Amino acid sequence: MPEDKIAVYFCHCGSNIAGKVDVEKVTAWAAEQPNVVVSREYKYMCSDPGQDLIKEDIQKLGVNRVVVAACSPTMHEPTFRKAASDAGLNPYLLQMANVREHCSWVTEDKDEATEKAKRILNAQIHRLPFNEALDPIEVPVNPAVMVVGGGIAGIEAALKLSATGKKVYLVEKQPSIGGHMAMFDKTFPTLDCAACILTPKMSAAGKDPNIELLAYSEVEEVDGYVGNFKVKVRKKARYVNTDTCTGCAACLEACVVRKVPSEFDQGLGKRTAIYIPFPQAVPLRATIDAEKCLTLKGKKCKQPCTTACGPQAIDFEQQDEVLDFEVGAIIMATGFELWDPTPETRYSYGQLDNVITSLEFERISNASGPTGGHIVLKNGEAPKSVAILHCVGSRDENYQEHCSRVCCMYSLKFSHLIKEHLPETEVYELYIDMRAYGKGYEEFYKRLMDEGVHFVRGRAAEVSSVALSPEEEGRLVVKVEDTLLGIVRRIPADMVILSSGLAPAKDAKSVAQTFGFGCSANGFYLERHPKLEPVSTVTDGIFIAGCCQYPKDIPDTVAQAGAAAAGALALVDNPTVKVEPTVSYIDPEKCCGCHICVSVCPHTAIQYNEEKGVAEVITAACKGCGVCVAACGSNVPQQAGYLDDQIFAEIEGAMAL
Amino acid sequence: MSDQFEPRLIGFLCRWCSYNGADLAGTARLKYPPNMVPIKTNCSGRIDPTHILKAFKEGADGVLIAGCHPGDCHYINGNYRTAGRYPLMEKLLEQMGLEHGRVRLEWVSAAEGEKFQHVVTEFTEQIRALGPLGWGEQFHDESAESEEATKEAVPV
Amino acid sequence: MRYLYYPGCSAEATGKGYDASARALMEKLGVSLVELDDWNCCGATSYFSVRELDSFAIAARNLAIAQQMGDDELCVICNACYTTLAKANRYMAEDPKVFAAVQGALGAVGRTYDGNVKVRHIMDILINDIGLEEFEKHVTRRLTGLKVAPYYGCQFSRPMGAFDDVQMPTTMDRLFEATGADVITDFDAKTDCCGGMMMLTREDAALRLCHELLVAARQGGADVIVAACPLCEINLEAYQPRVNKFFGTDFDIPVMYFTQLAGLALGVDPKQLAIDKQVVSCASVLAAIPA
Amino acid sequence: MTELATTPQAKALHEQFCRDVMSMPGGEKIKICQQCGTCTGSCPTSYLMDWGPREIIAAFRAGMIDRVVKSNTIWLCTSCYYCTVRCPAGIKITDLMYELKRMAIKYDLVPKDSKNPAMTKIFVDSVHRHGRNHEVELMTRFMLAKDRGLPFKYWQVGLKLFAAGRLPLAAKNIRGRDELDKISAYLDAQEAKSQ
């Protein structure tokens, strides 16, 4: 065995590390440590000249172990391992010491930071002699991609991938794709009709030969790993044969259960028990709501739908199907939910008539909506005054701390629509800060000022029905401090629109768990890196796009969907992918066959070989958690890259100072 | 600097959640005491009692184990193994004469930089209050023979 | 059932009816209220303006007595007393410095309090310990058709929200629904402020607030307003003539402690509930209730 | 209005106030007030205030401490806690008002025409004398001290309550009323010690 020749590189990271850690002192100290043959410092190790230092030392000095003290390995470990590899050194003989995120950035005192940096570095110097050369495991990649969520983000990603010839499975929970955008009337700030720009994409996705649409379906289980995911999808029973149903809607006419609140119309309109959520639905197929259908509830019904259906597509016996798919990458585009303003009781949502959410207003103002696009109150009259309340459930420590980004602009859009339909109606926008940050947004804001909308800077205190003056009689009253005037105003309004924030889907957490990644503190999916990998997750091969990551407008959503599609394509367009070799292995000589490791392995990657009486690791299935190593009474399984000796050495190094 | 007792701590962080949570604390420049050196493993379920004993033997005054929240484990249920094993480890250490509170298990997600800061700050203070452990010196004073014996005595 | 009971200073004067009716109501429900021995003023809001610690410490003297009497719960009727006593508990639990200071202050008078006496509003006990089902069993005179405006006031669930929603409490609504009354559930002003002590220092401000409350009650068609705090009750009831004088209105709405009206539903003698001590006549309410 | 913030005394006072306010439980939240006006909009008495609670926070942050203590705002707070439970920044505004009241009293900065500090004092005195608040005594002493016109305004109300037996003239004294003095004396001593 050749002697260990360790090289230490200490990165300044500009002043990010050097501003807190005495780099020269630590570098000089490192040079004195056992096995260290060279110790250098450099301003930016990740730069080309920085990487060249490593390469040169490997080639010229015969360095055979490297430690780079710099940022988090999640940032640049691949960079430096590639440099080592280019110079002919096995990349797994390089370790990083995280002296930025775990040291210089979190420590107040310079001396303390310097001492801690030494301990962190020393742990790796001690570890390196125990590192072994490892070879990444190369696995084949399945070229198909699954897109979960059929809103504008999912549709866009699916279409982009299909255009490259890849097979795409587009999974949507609802009976139709389209998502929230399909409910909107106009889009800000250009006022394009949402349906006009969305429906062509929906129907393109529906017809695309490369896209297999799995509407009314949900992902139940995900297994496997990058390039090789195995996904179980539950296709819920529609009780309608989608192959023969033509979407003619004759059954809807016939159905006797006619007063089911329409989800698509936010409960403002009614639908039948057998229904098509909206006329442009894709796939244009009927679905029976099992909770409302008399037959399916076991009650008496003459089943006029069956009679009305020409192609005899109705099938009350239909069952859920569970389908298995294998894909190389997954794109999550599961969207958002509108924040339910019921808990914000001071706005009286659900208590007082004509206090509505923004999504309800979208339907009211939509020509295909429950009022035929007429902006009217519950009693059918046109409002003479409308107040739009910003930041409901947003920017509020009691509910959601985040800014939902789109509410200011959609509120302005509402103002415009009201002014367009009802020029005489007074419109009040009650805002804290007007956030018109996008292209054309500020101009739109100015246009609305010009249109005579009243802008009141202040967050509404409450919505009440108590009239204190004849003007307020029989109306809603919004109490607000006009902070620019420093007075409290009582604004009489006939309609109050609550510009509710965007919330993570209620099942976001459990969906993220199913797919094996996490959520941010605000509940939206957590991206791998907020700046540089905003569409990746910590799980290789799983990407995110749209509002499931964070509230965003349509242009940003579409852009992100494209980025996620490109990310997935960059993976599945290759025949193989390299995965980390930090897997477990079992020495059959030492194994006593007690089965403990078999029982604890989360991925059933350990099998008991009856013939030999020992446990065996299926390398392709092992994901490298190391649970078996810790569970074994005799420490027989070992995990490459995380050997006990390596961990012990790290501890020794960290504690030696 | 005052001459108060500065505990020496080891923190085992799982790579997917807690290590990233610690990174996030860094990115957000949240300050906490410098006493703990982090050691990365893929999963908190990789940690076994020998690692903890080793840390104490090398002179640590406290050991933190941080993993993904229940249900969030990158390896489906590795952290449940950690959670299941933890009380046994505690008991074992107690029997070896270690006072309660020297080992701590925490769930820190990748999004919880602030929690990581709080946990480390609190844990440092907790160990500061308990005072030095001194097992390291004890071990080093003893002969190599008894050291071997201790290794043997460590069940899993 | 038995609870240690803290009447509060008003119970000896303007709020006599609250005290009397609370005792009578609980007795009817088979619950005995044992008065806290030698209790002192909770400190009210005024003490907060002197020194926060004084307020916590004198509040804690009551809790120390409760602890000494071997109880771990204290039933309180007045919203303000409830909030003040509960707040002392909360701040002692949250802030070790407060805890230590209060310990010291109590030690100076030979008392000790460990922070473990739970302060309970009488409504909390009615809803959560006795329960609406049990309460309803005792209803002998259903208040069918009586329009009740449930007025909670500020400090019923604010800022604690310990047993009811902090913004929109509903326990009183539910209690009177159990009596068969026609509760104005959308009574919009149910947690608005009555003006409190400002009735003495800034009468104009307090009257304006009472006026708004009375307008809201009338808008809802209230036959009676029920209150859960002596200060709310006195402001709304006794100052109705002043409101009328100021605003040119003609309010004459009966105002009762909620325990009085609940007592009536349980068939307690009006005299025992001190209903005759109300200054706005409750005759219309009594007349509306079937015998 | 001249702003005392420019004078050394006001600066010192501001620093003192900042320290006191920031050391309140949750006091540091004042820094994240977004000036949305929910507090002022929710406040039942803000229309009477020289400056609403939102403006008081803004003035406090701007170092205009005289605007804070000379305003009538803190004395008009009814402790209804609407602002506290609604504040999107989690600022305990009611507690802040108490804190500012305490500081105004401590540094003798109470506006001359405000009746509330007198009420506070009389209330506390009454409690210390009897152990409980005696409402009749409170009202009488307040009238004598601050508002001699009050009896004329309230004679009807008073008479009715009196007739109903709801205004007993005699005060009840608790046995342990000396304890309240001792508690205050103890806290006084502690405070003196800490300074």
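Each chain carries a letter (A, B, C and D) given by its place in the written order, and its residues are counted from 1.
The rule is simple: contacts are C-beta pairs under 8 Å (C-beta built on N, C-alpha and C of every residue); 3 or more make two chains touch, one makes a residue touch a chain.
Keep in mind that this is a model prediction, so the values were computed, not measured.
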item: Result of counting contacting C-beta pairs for A-D and A-C, higher pair; value: A-D
item: Whole-Å gap between the CA centroids of subunit B and subunit C; value: 51
item: Whole-Å gap separating subunit A and subunit D, where each centre is the average of the chain's CA atoms; value: 49
item: Residue list for subunit A, restricted to those that touch at least two other chains; value: 346
item: Multi-chain contact residues (two or more partners), subunit D; value: 82, 86
item: Residues within subunit B bordering two or more other chains; value: none
item: In contact (per the touch rule at the top): chain pairs; value: A-B, A-C, A-D, C-D
item: Interface residues, subunit A side, partner subunit C - complex; value: 343-346, 348, 351-352, 464-468
item: Subunit A residues touching subunit B - in the complex, by the definition given at the top; value: 72-74, 98, 100-103, 105-109, 111-113, 115-116, 119-120, 123, 509-510, 512-513, 516, 518-521, 526, 538-539, 582, 600, 602-603, 623-627, 629-633, 635, 639, 642, 644, 647-648, 650-652, 654-656
item: Parts of subunit C lying in touch with subunit A, wherever the complex brings them together; value: 165, 167-168, 186, 188-189, 212, 215-216, 219
item: In the complex with subunit A, residue positions of subunit B that touch it; value: 1, 8, 10, 16-17, 19-20, 22-23, 25-27, 29-32, 34, 37-43, 45-48, 50-51, 54-55, 58-60, 68, 71-78, 81, 85, 109-112, 117, 136, 155-156
item: For the subunit A and subunit D complex, residues of the former touching the latter; value: 346, 391, 395-398, 432-433, 457-462, 479-483, 486-488
